[in-house]
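Look for subunit A in each of the two complexes below; its partner is subunit B in the first and subunit C in the second.
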Partner chain A sequence: MMTQLLEQPTKLSTAIGINVDRADARDKLAGSAEYTGDLHPPSMLFGAVLRSQYAHAEIESVDTSGAEAMDGVIAVLTGDDLMDLDPYYGHALRDRPIIAMGKVRFVGEPVAVVAAKSQAIAEAALSAIDVSYRVLPIAATLDRALAPGAPLVHEGPVRPGLAHGLGKLPEREGNICYRYGFSVGDMEAVFSRAAVVVDGEYVFPAVYQYSMETHTTVAHHRGREITIWSSCQHPFLVRQEISELFEVPLDDVRVIVPYLGGGFGSKSYTKMEPLAVAISRKAGLPVRIMNRVDESMVTTRRHNMKCRMRTAASAEGQLLGRVVEMWLDTGAYADNGPRVTATAGDAGPGPYRWEAVDVKAQCVYTNTSPAGSYRAFGATHLQWIGESQVDEVARRLGLDRVEIRRANLLARGGQVRPGAKGLDADLVGDVEEVAAALDWSAPRPSNRGVGLSVGLLAAGAHPVSMATVRLGADGGVTVLVGTTELGQGARTVMGQIAAEVLGLPPSRIVVRGTDTSYTPYDRSTGASRSTTVAGKAVEEAAAQVLEELIETAETTLGVARDELVVSEGRISGGGTAVTYEELIERRFGLKGGELIGQGHVGPRGGSGGFADGPVFWEVCVGGAEVEVEPETGVVTVLRISTVADVGRAINPLLVRRQDEGAVLQGIGNALFEEMRFSDEGLLLNDTLLDYRIPSFEDLPASMSCTIVENQDGPGPFGAKGCGEGAFAAMPAAIVNALADAGVQMTELPLTPERVWKKIQSQQGISKNHSTEEVDQ
Partner chain B sequence: MSTVITATINGRAFRGEVEDHELLLDFLREDLGLIGARQSCEVEVCGSCTVLVDGLPVSSCCYLACDLDGKVVETIEGLVGTPFHEVLSDAFVRHGAVQCGYCTPAMVLTAKSLFFDDLLKDEESVKKAMRGNLCRCTGYRAILDALMDIAASEPTVELRAQA
Partner chain C sequence: MKLPPFEVHRPSSLHNASRLLRDMGSEAVPINGGTELLLAMKLGLAQYAHLVDLKRIPELRGVRRVGSGLAVGAGMTHRELESSRSIAEAVAEMPRMLAEIANVRVRSVGTIGGNLCFADPHSDPATFLSAIEATLVLGDGSTSRRVPVDEFFLGAYETKLEPGELLVEVTVPAVPTGTGAAHVRMKVHERPTVTVAAKVMVERDTIVRARLVVGSVCGTPVLPQAIDKLIGAPRAAWSERVREVAALSAAAVAPVADAEGSSRYKQALVEVFVRRALDAALSNAQGMTR
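Moving on, here comes the complex of A and B:
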């Protein structure tokens, strides 16, 4: 019955499919939007963290007496203060102590925290703490960590964290903390039939997410209650970990999330919160820990990786089989590394109809800073490798690179990997859009090339989200939903969804930030899941409110529901219209009260569509045209084209802007971003002076984003998430475009030095000879 | 050590004592509650702490408060409500040029200095002039669209003529 009303043409697309202004834009433009670092609860202290200067060492002693004696210092925390707790946390593996417990495993690991009356005092007090270390052998690179007899980063028992869906956690083998893989078909037979085998080894760099706002937390541990204001993407997971760590019930932990100054995965799961709570517990007052950039860079990063891949194809260009093995460096603590590893494994084959695939992915501890989530993880790691091999197959067989994809890509419903949801998108259509936007076959100078790439990213994470929609007596609506606004526009989109269901203008909807004491549960903000999963909960909650309005309207108007029309905040029927305000007054007998709807989305039941993992396959498709300067190795991205295959664009402008943001991050990852560690595990470029992120000048002259709306997503109105796929597509498209311009690269980033060296090696001995002369 | 300074901050006279080592960013945020200037890189690269001193953008993370003596400071809070802020805000909203918002006030202030110096012209020169303001969310396209939009629009040309 209600469905009939929802399908009333007068109600559709009044609030979705249009570029509703961002609800938060004006506050942000005025500088009045509050981030965690702007908050100042009464008596707040300032925290500073003493961090290890060694990558692997035992702590023999910590003397804090000098710091404690300083004026303005209220408390100093060390591992000794946590002996009454089980102080280990970690989403995938509970391997990380809140603060070093007798041992440090990376340069930058917290050893002590000072809480003082000012930031300056807190920082000054750090130099008055004496730590005595006994240095241990270091495994700061993948090769060192994987070598026989390597120093072990962890030796204790494996303890699972809160993560699920990772299967049974394997025993640790040396420094390998997680393995993922699958195998289909008879690989030997496939390779024996192959006319072409492409075989290569590849290196992917560690990079930093660089959200402009660093990790910032204010915590107050008062009696049994813990209140946390934090720049966190997953407040409910933080609440759960804090509850377990500090042994207080969930309800006594309150996590409040102001605006976030970007996240991109860097603020997923639990980061600085346990440390802030621990020092507050000791100080008895609220304490703020606001990382500097160099501290945030060792708080989380993207996994560097090495990979070997082989692809076999027939003489006609049929892709037959692929073998891929990868090792992801998760640093000293696993964080989300096992999930990243599994997602990278899933991205290994690429979205093709293989006769045989064999994927082995390993997550490896090293004595470097911990690695976790970053936009389009896993897919970004693998797509450039797999897609460069597809291009190479095409080159060797003299086939067009679009054609080989058209011939081999999975069709809708095709198996992406065993046991997972079938493909829910039209990849061939997406690739054709990208190629057309790039003038694929146009003639180009020899130092220019064009490339495209296509892949899939398992998206949606765990589909558990709740929402509450409250319609007040003045006809305005408040949406309570735990999705974090980290810049992507989630609050605007949630408002549009509620507005659409309720037939109200979006300006009547308010969506505020999360306070876990009042906001219903939402699993996380990541994996492109907000619109699809949390949005579905908002849709359901709003539909419940609408149902109550309709019931009241039936009795008020004396008209049967199938004759009612919902539009513009009123319900009409039988020649009369009543506003929502009037209906609420009628319902409660006063100008007060409110109608409340609840939405519950879970893997089973609910609205369905989420039963098989992943929630959806995010399409990662994009293309690039590049130019390389042979004399210098400088690569310039001239033109970009992406396709946002989103099912239904709730707000097309937000979709397009998501793709553009992802593109620039992808360009940075492809061309120049790289965290460089010394063999001793020291991060060598830990400021923006020497770690460069894209600026205005890196913006390609031409960018196009095509929005594809096949209404094939499991989210509200056929929507599915976006914003990550273009990232994964970019390094791959750029690598392929550069290869088209004659330079085949197997290591990122594509720095001028690397590219120039490759050009020299490709040009042979005579060129090398002249290079030597130059060197002399 | 501290110094007494006299400055004009957002159009109002300020006279007071500042610590000699105090950064302009901390002075604005902690002493005056002007939170629109944001801390990020602390090495004068990202631009998110940008304010205007005597009309020119400076990184307040690397500028001493005591050096303000005799100068005119404008922060985003001072710009709010002016016709330029309205016009630019409308353009930013229209083009979807605000995402997380952390860099936004600084972008607006740098854009203002360019605008009134008649430096908002073609895309290439604007890219160059704005390169000291980093944004990790938008990928810059939207911001550039908004800036080029106001650069050409009639109300803003009039605004500049009046200035």
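Moving on, here comes the complex of A and C:
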């Protein structure tokens, strides 16, 4: 249908490629935008969660009688209340109980929930609950979890989750949660003829995906129906998981998503919803659970990781082979760990033409809080490592670092990984843009350096999205699409896409939040997929409506379709113009009725572009100029350049804002963000005083974002997603810039003390250390 | 991490505040901006059933001229002082020091007196006011006494305040022409990792007085003895002597290791920041802008 429509000589409007004002700006600035925490259904109770203070312990008993006797306490939930259910969930692996079932596996794991008439009563009641623990040996670090004879975080069979997508599951093996890997080429041969081998071990920190709104859920389990209002990114996956857990048909679970105050992956999949539903089931009334920041910090986090990588290159600077092994700490439960691990594995080689590649990625359980998605996961973990080794190869061979990339980067169509879609971007062009924006070859003082990095992120997740577009009798349009507005501007962009197709100003389009009872299915909001996948569904749905308008116009005007012109809410031909309102009235014979279009995107069928995975390769490219103060180790990011390779920018300003936000988070991840756990698994910096998030004072003096529009994306109008690539690029660019300034770091974040110690140790050893490691 | 319940008292005179605090003993604590106290209570590090709010006490407000110096009410917020013209005129470095405290929201609520009385080891005002020889007026509405800032702190979170006694006023001497003050600091998280303040008096190209305070690395601000090596130094020897003082000061302090850094790293920072503070103070003494 689309191709047929595009042949129409219709003159479409110009709703895309322009900086349409955000649809949500007015409400949010005026404070009238509603978030889950603003909602208060009648008789709502307030929940408070009693959390384990031990990282690994058996629960001998829980005495809730004191709490239950308190005035205003309506219900207290413990594991004993869930004996009639199979209470384990997890979209990847079904390994997590709704609430501790006889055992706790991390500090902060929910052990009991109180529902009371006020938040204060609920909080007070927590101290009236007596829990008796039998403490077990703890494996709170990767090294301890991987050591022979380590305490086991999980025992018993491995169970797949409803969206595991991980192929055949292996038998349980120590604390290994998941393995991923691939191997191509004859590695031994490649290394035997290498002129340069760079070999290193690297450490990446646990990081909190801070968002201003903490995880908040209101749930009402009433009879056989469950209604949930939640700050969730993936409402349809939550619905499915709740349906299975509580043995309620899909249709009887309703998930409503108001605005989200940021997500960044922390609100992907299922988080606090099962707990809220479980306590509501017991209380018989709606219950709200609203995390504090310290609670959200132990709800989900980014995986810390250790990694060993070796890169081999010829004397001429040809990249020959790479061996990489990594261990990602997923904490006590898998959450999205397997997917993060696979994506990290995919990012291991980097986008180069290798003769041999060997990737081994392990996801490891430990007795720490669970780790899941965070913007540009996997790619951020690996890109700084791989790209620092490419830089080191160039340094040892005396090559320019842009030149070595130009010579080795994959070309369009090149194989990124066996069995995956070929490269759909111009990486060399992107790298050159970044270098030019940084004045790459300009002379600099010795304590300044520039660095850039390039990588790829498999984007789009599973490409299943539906959308409905309704054109009402007054010519206004409502778009129903399951994309969650979490601050990225999704509702604005979806409106622009519908406006463009229908030849209407974007102000005539309203995009609603998700209510799974009415909004058509959308797989998820993440993996930079919304504009590309859900946007495509909106485009198709709008095109169906337009097709009906054109059919009606043909008969109304008595003019053939190839002589019709669509513009600004009217269709003209043969010297006459009719408005959409008039066409609807003509079609239905009254001032009423509506035209409804449906869009469907799936891996097969109507949308050929989505047949191969991934939906598209998101380009992760960026550069930085930094200055280091040798006597304190303080690193200052002076300048940043990014390239948003988006195919087509539906809203260029939103594209820039995405890159800027990703840059700032990338700077935080690179320079100072780090969750510190004690050996007993206790999170030591669980306040925003001690865990520093990036703020405006961390913005570099200069930031440039170049938007590249090659119209090579599978989304509407040649668009592809954005907003994650710059994150992955930043730590890598900063690490490389710092190495250019003389300090080679192998552990993040680049805290002043860590950098200072490295400078001290470099000053203490002979200057030619970098040549010692050269093979042959 | 939830604020426990408490009762708030709002006396309107120093005398009443003092009486309330004395009567309720260890159950009660004075509060002004609450930027440190409420946080400590949220974290469960401090527990008080009664908070005595000092915001309605007129004696704690205002900035008065006293001779060439100033008497600053202990209840003045950092932000008020940061934008006070009389403070900028009397002690040019002080607004710059204040402007670096935490963030503008904290500065708009937190007070100079609250900062000093809480005695958090990581404090910009404690370091700076010690260096410029400020004096504290402590009182209870009937009697009062004066204590130099550097004698006020007994340890981390511990001061010389007696039960029922309040910090009323900070007496800030002017920094005259020919004398330079400077405050330098570094932070990794919200609170400073290291703070160093210095005051030097120069006459005919010779240093005649010098005072140095190293803060935020030990339980209380430290005054390294090595600063005496600057006295009598002619201009030609400044650079070398400053480096010597910096090295000796670093060797003399025993920093406490915490989330801001190891003892060894902080020691290295002390050397760097002592040098910077003295260079800046000397530069200020000469009327040079830094």
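Things worth noting here:
Quick note on the criterion: the second predicted complex is superposed on the first by the 749 of 776 C-alpha atoms of A that agree within 3 Å, B and C clash if a C-alpha of one lies under 4 Å from a C-alpha of the other, contacts with A are read in each partner's own complex, and residues count from 1 in each chain.
Note that in this section a residue touches a chain if its C-beta (ideal position, glycine included) is under 8 Å from a C-beta of that chain, and two chains touch if they have at least 3 such contacts.
Computed from a predicted model, the values in this text were never measured in an experiment.
Once the two complexes are overlaid on the shared chain, A:Asp21 sits against subunit B while remaining clear of subunit C.
Looking at the shared chain after the overlay, A:Pro752 reaches subunit C, while subunit B stays out of its contact range.
Using the contact criterion defined above for the overlaid structures, shared-chain residue A:Ala189 touches neither subunit B nor subunit C, since it reaches no partner.
Applying the stated contact rule after C-alpha superposition, one finds that A:Phe264 touches subunit B and leaves subunit C untouched. When the two complexes are overlaid on their common chain A, residue A:Met212 makes contact with subunit B while staying clear of subunit C. After overlaying the two complexes on the shared chain, residue contacts for A:Ala662 are found with subunit B alone; subunit C is out of touch. Shared-chain residue A:Leu689: touches subunit B and subunit C both. In the superposed pair of complexes, A:Ala411 makes contact with neither subunit B nor subunit C. Residue contacts after overlaying the shared chain place A:Arg292 against subunit B and subunit C alike.
Taking subunit B and subunit C in turn and counting the residues of subunit A each one touches, the greater count comes from B.
Note: residues 292-293, 687-689, 695 of subunit A belong to the subunit B contact set and to the subunit C contact set alike, using the contact criterion stated above. Subunit B contributes residues 29, 34-43, 45-46, 48, 75-77, 80, 85, 88-89, 92-96, 98-105, 108, 126-128, 130-144 to its touches with subunit A in the complex.
Those residues of subunit C that touch subunit A in the complex are listed here as 1-2, 5, 39, 43, 103, 186, 188-191, 259, 261-262, 265, 268-269, 272.
Touching subunit B in their complex are the following residues of subunit A: 19, 21-22, 24-35, 37-38, 210-214, 259-264, 290, 292-293, 486-489, 653-654, 656-657, 660-665, 687-689, 693-699, 703. On the side of subunit A, the complex with subunit C involves touching residues 120, 123, 292-294, 631-632, 634, 672, 676, 684-690, 692, 695, 751-753, 756-757.
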